[in-house]
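Structures for review follow.
Consider the two complexes below, in which subunit A is the common component and subunit B and subunit C are the respective partners.
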Partner chain A sequence: MTAPTLKIENLKLGFKLWSGMIEVLHGISLHIGKGERVALVGESGSGKSVTARIVLGMLQEMSSARISGGLTFEGIDLDKLKPRDRHHLRGTRMSMIFQDPTSSLNPVYPIFTQFREVLARANPAISDAEARMKAITALADVSINEPERVLDSYAFQLSGGMNQRVMIAMALANNPSLLLADEPGTALDVTVQAQTLKLMSDLVEQHGTSVLFISHNLGVVREFADRVYVIYKGRIVEQGLTKQLFSNPQHPYTRALLAAVPRITGGGIPDIAEDTAGFHDPLIAHPGASEKELLS
Partner chain B sequence: MPAIVRILARRLATSLVVLIGVSILIFAIARIIPGDPARIALGPNATADAVAVLRDKLHLNDSIIAQYGYFIADLFHGDLGISLYTNRAVTRDIADFLPATLELVFVSGLMMVMLGIPLGVLSARYRGTWIDHTIRLVTLLGVSAPGFVWAVILMLVFAYFVPIFPVAGRLSDGSGFQPITGFLLFDTLISGNIRAFGDALWHLILPAFALALSGIGQAARLVRSNMVETYNKPYIEMVEAYGFSARRIANRYAFRPSLIPSLTIIGLDFAAMLGNAFLVESVYAWPGLSKYGVAVILRKDLNAIVGTVLIISAMFLIVNIIVDLLVSVVNPRIRLSERPA
Partner chain C sequence: MSAILELSGVSKEFAANGRRTLAVDNVSFSVEKGECLAIVGESGSGKSTIANMILGIYGASAGAIAFAGEPLPERREKRHRRAIQLVQQNPLSSLNPRRTVGASLRLALDVHDIGPKAERAERIGALLQEVGLEPDYARRSPAALSGGQRQRVAIARALACESELVVLDEPTSALDVLVQARVLRLLAELKAKRGLTYVFITHDLSVVRNIADRVAVFERGRLIEIGTTEAVFSSPTHDYTRRLISAVPVVSDAEAEMRQNIMEMTHD
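Up next is the complex of A and B:
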């Protein structure tokens, strides 16, 4: 089989703070096959965003971060890459979508300025005209009717849903092989969030993009993901195909997660009783869905 | 850009109101200071008759409201009255002394912007590193003493112990250069006199730097703190995630949004230099408005006091208008807003 797009092995993360070390990730392993859409689910603070930032190489730039474990991207050991080459992957082969599209766009530059610079990551010699054309096509792909007007607008002049489309267009503009979607659109209202997720879902399918879909909204995960990893306090506690996991949740934490009623307001699955006995039980992998089985 | 025109119109209107307010205030205050201006002007040996004649000529026997009326009527003809100190038109005096002050303040402001802002950007980009620590320490030193203290220190060090720069004045004795507008850097340039230009610049550097130092420190610290805050914004995380270069992120994506809150304060600091310039001018015997201003106040030279204060307020207001315009240029929210900002 071809190498998975992303493979994370025994990833550990700690922060060295004034008050001492805090351990955030306790050795998580996960992978994303080519074109696969994998969800990482867990409550706030469980270590989802830091995982994505490590994949991009952003946390490595932080002097307080202590990171160990293996990261392989399309068969290449990321830690063996020269910093320059590794940095080059960002925005070209890997890209990211964030929670709040409107605040993720710079308030003092029009959309096109940022879009152009994203395109220049893959093609530094790109001309203005060429960038404009590409941006217009990309915006049309996310069903934006007046791409010209949007390109010359500032984020604050556009609706949240429009900005989210812009973010999706930017994220896919360089045709990356991995998309990290960190609770995309959680800040938007529910219907808009659903619309834009559908759009993203269709596009990554067309492009064959592999996706790490970070969420705490199980309803969305169920619809969007092929496979699911459940993370609790820096440990993967359960993993399996989406179908398996939802029809037959095994780990006490997953069960609690599924039993908790999602808040209507774009939130997800909060308010789980703290530290119920079984939450710290070891990892449960569904049949055929363990790292070992899937990667053999 | 219609929004800019609208902002400009609004600011001009409010500035006019402020100027009228200032004129009333200073007009009244100048007349409340004890002492008879006519008596001071004519000296202790003048006869009571002569004093009475001058008082009459100055309308000092009329009500204060009537006096203000005369003043406004004259003002419309561009006439601020005669100074009893120099016996010349106040407008003439101001035209003589103001350029020296403005030149000093302008160059200081330039130093503040050209040194303070880049230092702040550098400090923010390398936050937490020795570069940042060094810049913060040095700029803290800059803000820790007022301009005239720096004026004395710099003069001692660079004009006295290590005499690189001249101690006083705007041109060397015997340079023989005849000013045209009074802005010497400008005058020397347009008359093609490079030697005189160098001479004028040489005289200007020390006082301007002394006046600028605390502004440089303040601008650097302000830009740093606003920019460090900006670095925590999602739109910076986004450009980092997309691999934009650290330099580009610093100079564009983090700098420009943080310039908006910084600009207003930098503008105020710049305007405050007009006031601080008085003390620096005294230290360097700079023939600006300060010597004149102090002299006319001590002599209760009514017209000159009112004229000087009005001109300085007007400068303040102009600086503020310029800053407001700059802010609206940098901030698209203001530039593009349909309703009055």
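Up next is the complex of A and C:
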């Protein structure tokens, strides 16, 4: 079997603050097979974004972060890479899409300048003409009708939905094998969000990109992911295929989370018990969907 | 049934940087006493502008707003400010960070001279309990509260004023889903218990489906559809409404099926 695109083993994270240590991740394990779309879903503060930032190698640069555990990318132990090589993966073999597209694009440069920078990470010798041609193709791939005009615009001149597409185009421009999408489209209207996700879904399928899809929204996860990990306060509590998890949630936390989502078919506001005792129950993996079974 | 709030031909035009925006375009609707009317639409459709005009934060460019049968003056009287309260998406922007929760509630009671002075401290405790917080939360500062707790305090303040109409502008949009469910349930209970009237602004149609009696759908400042929640969700008359419903991310097969049926009704 080919190595999974990403494998995280027993990842722990703490921050050393003046007031003492705070533990944020308590040993999480997850993996993403080649071409697989895997969701990490949980409430705010549960440890989703820090996980993505550790995979990218960004959190390691913070002096207060205490990180342990294994990170393997396409069979390579990331911790054994030289810092320079590790840094080079970012924006080339792995890339990230953030929640708020407008603020993650630089307001002082036109889109093209930023696009060129992204392309230059993979090919430092790229010419302006070639970068422009590649950028135009990439923007056309995300259904942007006037790529020339968009390239010469600034982020603030474009709509949120347009900026999100630009971000997707940039993230996929170097054909990464892993895309980390952190709450993509959360800041957008649902109609725009639905279109954006559809577009992203089609593109990653075409390119065979593996995706870590981070979201707090169960509905969006159900639509996008093949497989799901549910995270609660820095621990994975349930994992399974999307179908398994949504049709037959097992862990008390997942059950509460699903029960709390108001249904478009009606039924009233659910009565959520204040009791969170079962939320700390150990991990439940659906049949055939544990790390052991999937990685053997 | 009688209308507690009535908007007739209300418009609002903004002029900024030499550009004019007709944020609200000739809108008429009424809100019945004791109902929850949801206002839905995409961002920029004019929802918050309507809220701000109802609150009297700014006036309408045209048209009239009446409350309990009387036209509302542009400069609101104290009794109007008491009777109509706002709960915003981010209560931190409306709760003074330097005041304790208790002091914020006390101020509302003092300004509107509600209840005997000697009983106000006790009343603050009772209000906090009514929104599901222990009375000793009165001593905390807003910064020491979670998002859901802050929203409860904002609701308690609206209750403190014994308001009749509460305008809720995306009250649960920033909350996690478990917290959202609890706050929505609290709102539904308070409405039943106190006979409150809500104008509930949100972009989340799943929430609307479960809390509103009627729904008003806005598109670029225009009211394009209004009806009972049941009617709007089972047979929306506008493609825009159908698109809004069919874009909602759902968690069950039954919902996906309903969404599919609605999508098939659209004409483009």
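In the analysis below, the second predicted complex is superposed on the first by the 282 of 296 C-alpha atoms of A that agree within 3 Å, B and C clash if a C-alpha of one lies under 4 Å from a C-alpha of the other, contacts with A are read in each partner's own complex, and residues count from 1 in each chain.
The definition used in the following text is that a residue touches a chain if its C-beta (ideal position, glycine included) is under 8 Å from a C-beta of that chain, and two chains touch if they have at least 3 such contacts.
Here the structure is a predicted model, which means the values were calculated and not measured.
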Of the partners subunit B and subunit C, which touch A:Ala256 in the superposed model: first, second, both, neither? second
Between subunit B and subunit C, whom does A:Asp100 touch in the aligned arrangement: first, second, both, or neither? first
Under the stated touch criterion, which partner chain does A:Leu56 make contact with: subunit B (first), subunit C (second), both, or neither? first
May I ask you to decide whether A:Ser44 touches subunit B, subunit C, both, or neither, giving the answer as first, second, both or neither? second
Using the superposition on chain A described above, determine whether A:Tyr109 touches subunit B (first), subunit C (second), both, or neither. first
Please indicate which partner A:Gly91 is in contact with in the superposed arrangement: first for subunit B, second for subunit C, both, or neither. first
Would you mind listing the overlap between the subunit B footprint and the subunit C footprint on subunit A? none
Within their complex, subunit B touches subunit A through residues 128, 233-235, 237-244, 248, 252-253, 256-257, 260, 330-333, 336
Can you list the residues on subunit C that touch subunit A in the complex? 42-43, 176-178, 180-182, 184-185, 188, 203-207, 209-211, 233, 243-245, 247-255, 258-259
Which of the residues in subunit A end up touching subunit C in this complex? 43-44, 189-191, 193-194, 216-220, 222-223, 246-247, 256-272
Per the touch rule above, subunit A residues touching subunit B in the complex are 53, 56, 58, 63, 87-92, 95-96, 98-100, 103-110, 114, 117-118, 121, 154, 156-157, 170
